[in-house]
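In the two complexes that follow, chain A is the common piece, with chain B as its partner first and chain C second.
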Partner chain A sequence: MPAAVEFAQVTRHFGNVRAVDGVDLTIAEGSFFAMLGPSGSGKTTCLRLISGFESPTTGTIRIFGEDVSTTPPHLRNVNTVFQDYALFPHMNVRDNVAYGLMVKGIGKTQRHEKAEEMLSLVKLSGYGDRKPGQLSGGQRQRVALARALVNEPRVLLLDEPLGALDLKLREAMQDELKALQQRLGITFVFVTHDQHEALSMADSLAVFNEGKIAQIGTPEAVYNRPATRFVADFVGSSNVLPPALTRALGGPDEWASLRPEVTRLAATGPVTATVTALRYLGSGTRVVLDMGGTELAAIVPAGQPLPEPGTQTAIAFDPAALHIMAGA
Partner chain B sequence: MLSDRASLSLRIAAGLGLLFLHLPIALIFLYAFTTEERSYAFPPPGLTTKWFAVAWQRPDIWEAFWLSLQVAAIATALALVLGTLVSAAMSKARFFGREQISLLILLPIALPGVITGIALRTAFGEMGIPFSTLTIILGHATFCIVIVYNNAVARFRRLSGGILEASADLGANAFQTFRHVLLPNLGTALLAGGMLAFALSFDEVIVTTFTAGQQSTIPIWMLEELIRPRQRPVTNVVAMLVFAATFIPILLAYYLTRNGSDVAGSGK
Partner chain C sequence: MPAPAIIQPKGLSDRLTALFWRRPRLLLGLLLVPPLFWLGVVYLGSLFSLLIQSFYSIDEFSGMVVPEFTLKTYAELFRAANLDIIIRTLLMAAAVTLGAALIAFPIAYYAARFAKGRWKAVFYLGIMLPLWSSYLVKVYAWKLILAKEGIVTWAAGITGTSSLLDAVLALPVVGGGSLSTSYIGMFLVFTYVWLPYMILPMQASLERVPTSMLEASADLGATRAQTFRTVVLPLAMPGVIAGSIFTFSLTLGDYIIPQIIGNSASFIGMAVYQLQGTAGNTPLAAAFAVVPILIMLAYLGFAKRAGAFDAL
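Presenting the complex of A and B:
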């Protein structure tokens, strides 16, 4: 069975800027796939390459095995939930949702019926007559979702759909999106710069950096075994150890990563560090250390004694938790 | 702190200001009904509606009226097409010199009519284009385009750019996107711009003077008519007509764009 989306050596240049640079990517059908990266890393351009608003400079894009590299957006069986929702301001919610069916020439009664069905799917039954301007941010987000789903796309693209929502609503929507994806069984491709969002929702994710994919894998693999220094730093806010420090701490002469939550403070150890700052997180405190010029962090769980800034300390950790990054 | 009731002196000043602005217009209306045809004596010796009948039967008025209507309609239509296209290009594309071009588009409305008039007259003369209805239309189109452009570009700015992409994403072709998304959102802005352009063209004097041949538009006809001593109130009757033909579109345009934010910007 062909993959839902497949990139083969896809490149997209804007003038001299290589927004997407030789990307190979396979997204399995029915999966929840996240594209994670800082702004300007090429993740949004990749999404637009799938939706058809960008076309590759070189390389091939396949959707369910069909080469769509030159297919315009309106002929692709993918739909997008846009970052700013992009609802049609002059139409009511029902007509917004039914738009995809209207342009296909489906009759009014039939498309309104289907629109209502979609609205109840996103828990907005009874809102059909309102204008987008009369809805809250969260409700607009649901309308955008219903509108994108009405055409029954085989791939749904979501461009930072939760970015404009406040924290509580964002967490609720994360659960809801995940449940919706499992219920519908269609492929979701999700762009975000929020590593927590990507880790908690995705079945697998690609971490983008400077137009290239730094790592693809399950959230667990990416978090626990980052392939590069960039991934370790961006995804886990992990401690990145240069080869000399790794060796001093008992590892091989390689770059390594060590997660703050497995790093403990100890009275003695091979290398000492200076406490430079404390940051209270609620569930614990992040202790920032300076270890011979390398910044490290350790999480001290709530209730345990905290060191004073400026004092010396050593660190301890389970040797198995030290992840060697051969590709760094 | 502002008091609820304005002071007496302030109210008198406001009243005088309004009187200064609007009394001349009221007088124009009044003298359309006077029985004295040679001079505007105050108070009018008597009131009559016969000048409306006289105006109705004068072929020179009809001729000027039809010419004005023709010029305003064609100049507006031209401006609607070109102004919309320019505003679409300016709001979609980012390129070197964009700000300068934007200034160049707005310049015709800022330039004194005399300059535009002389420039056009010289240009038409150089190119050997005879002064005719066509040259008047082209002259008017220069400032009509600006009006339409200004209205359309403001609306484009408020439109969330994503809605055109959203339409394509949902399967609409370019025509369907234009018909179902772009036009409804631009519609009132274009209508307002078009009506303002029409009103401006209808009573334009300066550029018309420079670009017209022998024919007279309504304002030019009025200017010529004022010099003649006979049937003066007819000019006032025509002035009322011009007033209606320009004021009503401007008023409608105002009401159309006043609540424009509800129409176009609410998706953001």
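Presenting the complex of A and C:
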């Protein structure tokens, strides 16, 4: 069975800027795939390459095995939830949702019926007569979702879908999107710069940096075994150890990463550090250390004694938790 | 000693700012009184006196205005000669509005969607530049361009399209001896002169249509034509209506272009000019002046019912 989306050596240049630079990517059918990266890393351009709003400069893009490099957006069986939702302000919610069916020439009764069905799927039954301007941000996003799903796409693209929502709503929507994806069984590809969102929702994810993919894998693999210093730093702010420090702490002469939550404070150790700051997190406290010029962090669980800033301490960790980054 | 929590007001400007802060409506009121006085008293006042005048009539023997309310003057509008003037003006205004809208849309669309930086400046300059020169100069320039011995005739001669020009001029009603003495010529000049007033509001309304909305439409399967009909046009409609109010009402009221270009058939503006001046028939002039107002009100009412302002 062909992959839902496949990139083969895809590049997209804007003048001298290589927005996407030699990307190979395979997204399995029915998966919830995240494209994670800082702004300008090429993740949104990749999404637009799938939807057809950008064409690759070189390389091939396949959707379910078919080369779509010269297929315009309106002939691709993929739909997008836009970052700004892009709801049509002059149409009511029902007509917005039914738009994809309207342009296909499906009759009014039938398309309104289907629109209502979609609205109940996103828990907005009874909102059909309202204008988008009369809805809250979270409701608008559900309308955008219903509108994108009405054509029954085989791949749904979501561009920073939760970016404009407040924290509580965002967490609720994360669960809902995940449940919806499992229920519908279609492939979801979403773009985000929020590593927590990517880790908690995706089945697998690609971390983008400067137009290239730095790492592809399951959230667990990317989080625990980052391939590069960039991934270690960007996905969950790991401690990145330069080769000299790794060796001093008992490892090989290589770049390594060490998660703050497995780093403990100890009375003695091979290298001492100065406590520079304490950041209260609720479930614990993040202790920021300066170890010979390298900034490290350790999480001290709530209820345990905390060091004073300015004092000296050492660190301890399970040697198995030290991840050597050969690709760094 | 630490700085005090309250800073002592220094001078009038501090005190005034404090006053306006305590009474926010005061500043708004002060700013609005002069324009409201102008609009309410001077403008609406004259409009009202115009309306009153139109209900007066003229004594046919003495030529004096009889200040008694009657519908006699309005009945005169329905005399064949006067009705011709109204219909002629209305048709010209409608044709000019349609022509200007068709020419303006691609220009406004380009400017709103694709022009950036320097090209945007070139666009604004190109649209505004004709407005810097006198309206009369432009109209007379067009007379020379369209005249029998003018540039168009000459250009038709050297490109071998004289027969085409002759065929156009041979059209019944809209044709004539030359472009400068035909309705076609008048239409061209009106369209040229009012075009900026159509382009600018259109461009402003198109500018507010985000690209993502056009992408969303294509994403959902719409062709370009469908996107244009169901998304771009409805969202641009308030601008199109605003522009058409300009072109429509400016054409309805103009009395100079029909005098210089065309076959000297009368238009509403010319009729008003002649009736209140040489003829001294102020009531009929007033009744004629009310006609464009009524037409515009009917037009706006129709546009509203057709949903042109839904996207506002």
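Methods note: the second predicted complex is superposed on the first by the 328 of 328 C-alpha atoms of A that agree within 3 Å, B and C clash if a C-alpha of one lies under 4 Å from a C-alpha of the other, contacts with A are read in each partner's own complex, and residues count from 1 in each chain.
Convention: contacts are C-beta pairs under 8 Å (C-beta built on N, C-alpha and C of every residue); 3 or more make two chains touch, one makes a residue touch a chain.
Given the structure is predicted, the values throughout are model-derived calculations rather than measurements.
J.: With chain A superposed, do chain B and chain C clash or fit?
T.: Overlaying the two complexes on chain A (C-alpha atoms) leaves chain C and chain B clashing.
J.: So in the superposed three-chain picture, is A:151 touching just chain B, just chain C, both, or none of them (first/second/both/neither)?
T.: Touch status of A:151: both partners.
J.: Looking at A:128 after the superposition, I want to know if it touches chain B, chain C, both of them or none. Which is it: first, second, both, neither?
T.: neither
J.: Would you mind listing the overlap between the chain B footprint and the chain C footprint on chain A?
T.: On chain A, the residues that contact chain B in one structure and chain C in the other are 51, 53, 72-75, 79-80, 82-84, 86-90, 99-100, 102-104, 147-148, 151.
J.: What residues on chain A touch chain C, complex-wise?
T.: On the chain A side, the touching residues are 51-53, 72-75, 78-80, 82-84, 86-90, 99-100, 102-104, 147-148, 150-151.
J.: Write out the stretch or stretches of chain B touching chain A in their complex.
T.: 160, 162-163, 165-173, 176, 180-181, 184-185, 262-268
J.: Would you mind writing out the residues of chain C in touch with chain A in their complex?
T.: Listed in rising order, the residues of chain C that touch chain A are 210, 212-213, 215-223, 226, 230-231, 234-235, 310-311.
J.: So in the complex, which bits of chain A are touching chain B?
T.: That would be residues 51, 53, 72-75, 79-80, 82-90, 99-100, 102-104, 131-133, 147-148, 151 of chain A.
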